[in-house]
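Here's a structure for you.
Should a chain be cited, it is by its letter among A, B, C, D, E and F, assigned in written order, with residues numbered from 1 in that chain.
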Amino acid sequence: MKQVVTFGEIMMRLSPPLNYRFIQTDSLEITYGGGDANVAASLARLGIPAAHVTCFPDNELGQAAAQSFQRLGVDMSHTVFRGERLGLYFLEVGASMRASKIVYDRFNSAFANLQPEWLNWEEILKDAQWFHWTGITAAVSATAAQACRDAIKVARRLGITVSADVNYRRNLWQYGQKAQDVMPELVEGCDVIVCTEGDADDLFGIKPEADTSNRFESVAKQLVQRFPQVQKVIATNRETLSASHNRLTGIMFNGQEYIETQAYDIVPIVDRIGGGDAFIAGFIYGSLTYPTEQAALTFAVAASALKHTIHGDVNLATVAEVEQVVGGDTSGRLLR
Amino acid sequence: MKQVVTFGEIMMRLSPPLNYRFIQTDSLEITYGGGDANVAASLARLGIPAAHVTCFPDNELGQAAAQSFQRLGVDMSHTVFRGERLGLYFLEVGASMRASKIVYDRFNSAFANLQPEWLNWEEILKDAQWFHWTGITAAVSATAAQACRDAIKVARRLGITVSADVNYRRNLWQYGQKAQDVMPELVEGCDVIVCTEGDADDLFGIKPEADTSNRFESVAKQLVQRFPQVQKVIATNRETLSASHNRLTGIMFNGQEYIETQAYDIVPIVDRIGGGDAFIAGFIYGSLTYPTEQAALTFAVAASALKHTIHGDVNLATVAEVEQVVGGDTSGRLLR
Amino acid sequence: MKQVVTFGEIMMRLSPPLNYRFIQTDSLEITYGGGDANVAASLARLGIPAAHVTCFPDNELGQAAAQSFQRLGVDMSHTVFRGERLGLYFLEVGASMRASKIVYDRFNSAFANLQPEWLNWEEILKDAQWFHWTGITAAVSATAAQACRDAIKVARRLGITVSADVNYRRNLWQYGQKAQDVMPELVEGCDVIVCTEGDADDLFGIKPEADTSNRFESVAKQLVQRFPQVQKVIATNRETLSASHNRLTGIMFNGQEYIETQAYDIVPIVDRIGGGDAFIAGFIYGSLTYPTEQAALTFAVAASALKHTIHGDVNLATVAEVEQVVGGDTSGRLLR
Amino acid sequence: MKQVVTFGEIMMRLSPPLNYRFIQTDSLEITYGGGDANVAASLARLGIPAAHVTCFPDNELGQAAAQSFQRLGVDMSHTVFRGERLGLYFLEVGASMRASKIVYDRFNSAFANLQPEWLNWEEILKDAQWFHWTGITAAVSATAAQACRDAIKVARRLGITVSADVNYRRNLWQYGQKAQDVMPELVEGCDVIVCTEGDADDLFGIKPEADTSNRFESVAKQLVQRFPQVQKVIATNRETLSASHNRLTGIMFNGQEYIETQAYDIVPIVDRIGGGDAFIAGFIYGSLTYPTEQAALTFAVAASALKHTIHGDVNLATVAEVEQVVGGDTSGRLLR
Amino acid sequence: MKQVVTFGEIMMRLSPPLNYRFIQTDSLEITYGGGDANVAASLARLGIPAAHVTCFPDNELGQAAAQSFQRLGVDMSHTVFRGERLGLYFLEVGASMRASKIVYDRFNSAFANLQPEWLNWEEILKDAQWFHWTGITAAVSATAAQACRDAIKVARRLGITVSADVNYRRNLWQYGQKAQDVMPELVEGCDVIVCTEGDADDLFGIKPEADTSNRFESVAKQLVQRFPQVQKVIATNRETLSASHNRLTGIMFNGQEYIETQAYDIVPIVDRIGGGDAFIAGFIYGSLTYPTEQAALTFAVAASALKHTIHGDVNLATVAEVEQVVGGDTSGRLLR
Amino acid sequence: MKQVVTFGEIMMRLSPPLNYRFIQTDSLEITYGGGDANVAASLARLGIPAAHVTCFPDNELGQAAAQSFQRLGVDMSHTVFRGERLGLYFLEVGASMRASKIVYDRFNSAFANLQPEWLNWEEILKDAQWFHWTGITAAVSATAAQACRDAIKVARRLGITVSADVNYRRNLWQYGQKAQDVMPELVEGCDVIVCTEGDADDLFGIKPEADTSNRFESVAKQLVQRFPQVQKVIATNRETLSASHNRLTGIMFNGQEYIETQAYDIVPIVDRIGGGDAFIAGFIYGSLTYPTEQAALTFAVAASALKHTIHGDVNLATVAEVEQVVGGDTSGRLLR
């Protein structure tokens, strides 16, 4: 099977153990993650060949980050080792009504300083069937956005499916260009996008019609009109009952109709980070494997739900585990 | 008070910390357990003299296993140290809809190679009042089944109460004899058995009558008819709402009537392993202590519920703690 | 802003990790706490200058205890280092229907042997606006009670607000005087008291009127009649659904009317210890900051609820976090 | 084989991990130990039946302490559970020129309040061949000293060998009697004593003769003259090169001649505590097993050296391991 | 650069933390290793493309083992996932005169049950320049030995260099054939062998000549005469001063002359396991990179020395680090 | 006593546990340190009032860093909370011939962006008797260097002693000015400097005279000539035998004569970082306390030696501990 290729920054994630707060911990647990890399790793765990393209500083920390994805079976052979520092983020895990918190420390990372010419996308994508990127990559630096633009162009030419999690994070856009100027051109090249109502408004000024009964559908319809290449808009609807209890539903507009899945309650949540990336990986897996969009969407949200029970950014659930949830068994009954 | 004696394999249990998956852990936590040994240890904690009979390899791992039960007050003086390896099992603890998983690595253990003649049951049982075994022991090897047969025979002759958890595990029966051939003879010698509907069907071909309103009672009635020595059939009814939330009810047929307890919700579950063994230990304690079967059954299921809040295979709840739950206080209010 | 000053013993708290029982742990986690010191530390975290007055043995353990509160920003410069041993308490954390347990080991501590003349309250309180103490301090020894009496007297003279958590613990009163004899005189000097129905009965023989529809209000009315200086009686109403799930409501009688807050569900509970102290700190903060008693009380109970999600005796929630809960957001939504 | 019986306090030992200092640790590791109990446990590990007599508070901490020695195979069936608190000691482990430090917190322990009449020595010693005690037991309280006196009397009557580690610790003697008054009567009943030059001077006013070339021999000769029952005086000569490097030699006076062993270098030291107790256990083992005093003494010092490589108060070296060192192999070569 | 390919079993290694003994630990740290796989992983770290061929059970434990080498950059794409159990070994780490101990639990592993026909050596070795195996692989089972025979045959035909660590372990040979019958045929196909005097005697009956001044040279000369394909015999000379202090020298006979390196003192030893494998990987690296045998041998022993300072079976030292030691800097001076 | 004030960056230090390498760790231990702040904290531990001036980002990580020094008794009330990120450094701890390694990640830190006008040195230094800074502060940014210049100026005016560790780190100087241009002006204002031969050459072009028998003295003489305010040049002479074994000697030129101390062997080294800062703190303590320079220097080097046995950047040795080493006792004998 041909590869799914993803592109973006991988950060070292540093978390106090358990529910400890930053000001009371004496140690930090390391995992590594990044929106797009998490998709690649989740796919590798689901048995789909996956490669991730990124840039690390040429030091032991960069090597450790690369090795952590290599361990999960992601093809990291396109990694560029060049630059000064590894992007970091600090995560404090909440509980009940206390929110989890992220402190980013990612500016001036090796990835942000990546030069587009370091990446030969013709070569990288030659065995690929799908290319996935996120709005975060475009937010990091002008050069990262340019590399993304290059990749999408090559992917289109090679007839590769392109997906994006548009994922608007206001605080990240600090290199002098506006998301509203950069993103539309990139999204134009996509077949599938993950886009919430908030993102659609913030990035494209698209709001639900006033009298709609289904705000997501209304927005998604406008998106596919604005971006003709885009055929599917997907998202998860997340009810945040507490830091320990969320409820997820998968939603989709496929150009014709609105589709949704059942809701999944997750309680307790072990680790909420990467839940969206697990959803996307599940959707790519489902799209490549199942005959119907409903099946793909259900697999996606079940995969996302399971991710919340797993430590770290990456969904380590197997196909069999996701399919058990898809099949209606959320009992968590002991397997001997 | 005379001893309760149990017989069976003790394994080293190896679990990743917290909810980590096998493929992401760098360490494993050790506890030791075995279906029958857990009963002995739980009884010791409840103040009932208890001895366990088993076989360990003559190395430091076998000694560590023996010492772990010695620590809990179980008389391990009958242990045979002989043979090659300690049986192991690996446990991954799930959460929410993600199931816990066990990978067994117990074949060719010292216990499986135990020779019946190494055990002098007349001597072992001379101060006993109760002998308990499980279907797992009979499943491990022909020689273990034979030792079990010997023990039951001696126990009957000495007028000792015999109980069994028939506990059918298809995967374990690999030594060339069928459970369906071996188990009936062993169960014939028992006074009390733990047997679910599934076990009754698998082992004895006994199914609930077609039109019964109480399937357990229907099966249990047939069991006591088939095995005249058996006077009580008990079980827990477990609703598995998720890996983190179960609901338990104690059920019993005493030859005349069906008895059940209230249901206990356990949320969150700390450790579900050994819940059934805690139930049996509770029932033995209750039978030796309380005037009514209802009281014994209620103590048993309350003990089992508390076990789910305790790490490891063994129920470390005290009589006072179980009685508080029996008395209706499940508030977990802080005790100063 | 002038200081809040608190007075009382700080103990080393020793807990098995996670939900381990005392008899199965090989290590203990250290935090430090004491009913009144917790109030000071919570206030410091809320940005209120706070000092705590106590006595530690002149050894490395006493220094470690002092430093742990220094770390949190509490002014520990009045600490007396003199005496033999540091008070200890051992905490086993329960789950579901299994209760948490405390084993105290605090007799003959340096604090209990504190001599009143070692403390110069005129000096200590010269920059203070509020003095807080608890019934535990009065219970520890005759000399501690005397020091408390001295402090209240000076505080009254200096026009400082005095609050007390009357907190009756029968087991502690072992120095030959009765709480019923000692406490009334001390409470006479207070402006605000935390007092439950049980405390009112045990300490002052005050019971709710027979036909009242609001037992707390009934008791509180009698308290303010009996102690004219007392203007507010506050408490939390705690529903203990399980060791992992509590529900809290703030209640108050202000001399005229009964006020209560909404109820907050806390599930799962990370650490229940110090929940009452967080409530008091929240109430002091609120009283110094907000225009209405309702606002102060709501802040207090929201602070207490958040404390239950934080490890250790001390509430490490910030003003912003408490205000978010006060504002109705208990969703625990991830903050990036 | 008949039992060796020991008598004395067991404390919970609490140590920061690794070489952390008290003021920088957030956790403490638990082991349990006591001078005489360590001897019993070391003997049990060497295959000698051993019982220990002590008193614990009737709470979970006392049970945990008892279980820790039960785990090691010590007969704890004579334990009295009565009283208030468990004795504690805090240990900070040094390195290189930084010394390890102990902070004791053992006053008013359950053991110190033990009443002599709670112990039936006739019963306890009926299957014993050897009784061992230490000067620490006599130092703890008048009642503990009395119980020791009782035990020695019964042991003498039953013809049981009695040994003592006289071990003078000035700080401990606080109950109003002087070691110099109490100890001589107790030592009179002993066959073997561990006594250094310092102890001999402090306790009995015995100093080496002015012109002796062997100060230990000189002192030991005077001891056996003063206490005619004493037949052997033993000790280790410890050169403390650093907290990480010690050198040990076993020395002995057997009434006729001075015997010494080779010196053993221990580098690095894993845990120095209990080194003396391991020496005594080794000497008792050797006395019961080997034909010559030289062999017993060599076994004793080799056992002590190995103890320094093992975490905790108790020597967990086996007979085979000690004999390997005795045989001259200190290479620590990997055993497969 | 073409690959180095290695073949053999990878086991899960389970060790108590620090210097804890098996009977006192509650957790085990996981690493993975195997004599030949360690060579591959060490080479990957040195920048040499390396692949390892092995067989794991088709479960999560097998996957975890494979991923651990994937993480280190070893090509694991030839892994066969088939069979029942993962081989294990338990390692207790000694100190000073206390030896480290290994308890193997590797019989009936998936690797031992590997069938030769599952491996297509023509395919596996098509891009290789070097093939390395160990005597342990030949010891595990007749089928493993046969697979090794197949591999050597193909390697010879393809003109690939073959090396072996003959490594005789008496206890492992339990499948009915003798090492003395199996090994000669396999060694015949090798260009380079690691063989100590003891191995030469045990496996081939070759002893040093009576009057030789260099026993290793004498043995090595006879080996190259007996096995004409063998051109180099190498070994490390290890002085075991204690479990914490070893001294290593590299020695070699190249058919013409005896070569040796300086001696390296390692103190303290962090982890001695895999020291020999690091030596071999260093020698392969050196042979592929340096112009002289002396340079290769010096690199090999310096690499081995550094391995002793690194936790786990695999040498994680880089080329730069080894070269610094080769260059004479063993000062361990802080690098900023 | 008046305060010692220090100025400079405090970084979060992140280290794998024990001797693990960066590429094999899953967690990092946190301590905080900075060359000048370590001096303040060490002085606080020695009982000298100490304040540190720095700048942290206004987030929870900055607060944690501030609290860690507050815990140690350093007056942190002058801290400016402003800016984006906390400086970090990653430390891998070596052993034997494997060097420890530091990866810095400190560019663009809040401290580097500190503006001189944020600091009111008249106010900060009004109660000070000594001001200490390091060359690292001058290297971080032009604004930090300017703030340092301001401080020195004010200190001189107020008659405060000024000391500096000139500490040249080539890699740090990246803001466009040369150390050789910046440092001389700053050093001109100092009374005491720590300066090695290498520093003197790199920063000031001062080399030992060709034929000198004491290179340090030769360099120091030239320094005091060049900088007339400087009265003492001090340093430690460190022999790096291995990462686990160093030997330290204190050396000094006081304008008239060369003084040195005995050498101290440290084996094993627990943590080498901050050894130089402990030396300086020791020298400041000694200068303020002892009558002779020899005594001050000996105290300094003994303090530094002890620091190597303590985890973290800060010397937690007490005056009593240092004096014991000064007094000649490096035996590390157990203190009860």
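Assume a residue touches a chain if its C-beta (ideal position, glycine included) is under 8 Å from a C-beta of that chain, and two chains touch if they have at least 3 such contacts.
This is a predicted model, so every value here is computed, not measured.
The minimal number of chain-to-chain contact steps leading from chain E to chain F is 1.
Both chain A and chain E derive from one sequence, and where they touch, over half of the residue numbers involved are common to the two copies.
Each chain gets one centre point, the mean of its Cα atoms, and the points for chain D and chain E are 45 Å apart. Separating the centre of chain C from that of chain F, both taken as means of CA atoms, is a distance of 42 Å.
Looking at chain E, one finds that residues 21, 23, 26, 67, 101, 268 touch two or more other chains. Looking at which chains touch one another, you get A-B, A-C, A-E, A-F, B-C, B-D, B-E, C-D, C-F, D-E, D-F, E-F.
The touching residues of chain C, when paired with chain A in their complex, are 18, 264-270, 305-306, 308-312, 316-317, 321, 324-325, 329-336. Across the complex, chain F meets chain A through its residues 14, 17, 21-23, 25-30, 59-61, 63-64, 67, 84-86, 88, 90, 92, 101, 103, 105, 107-108. Interface of chain C with chain B (complex): residues 18-21, 23-24, 94-102, 104, 169, 171, 240-245, 268, 272-273. The part of chain C that touches chain F in the complex is made up of residues 67-68, 70-73.
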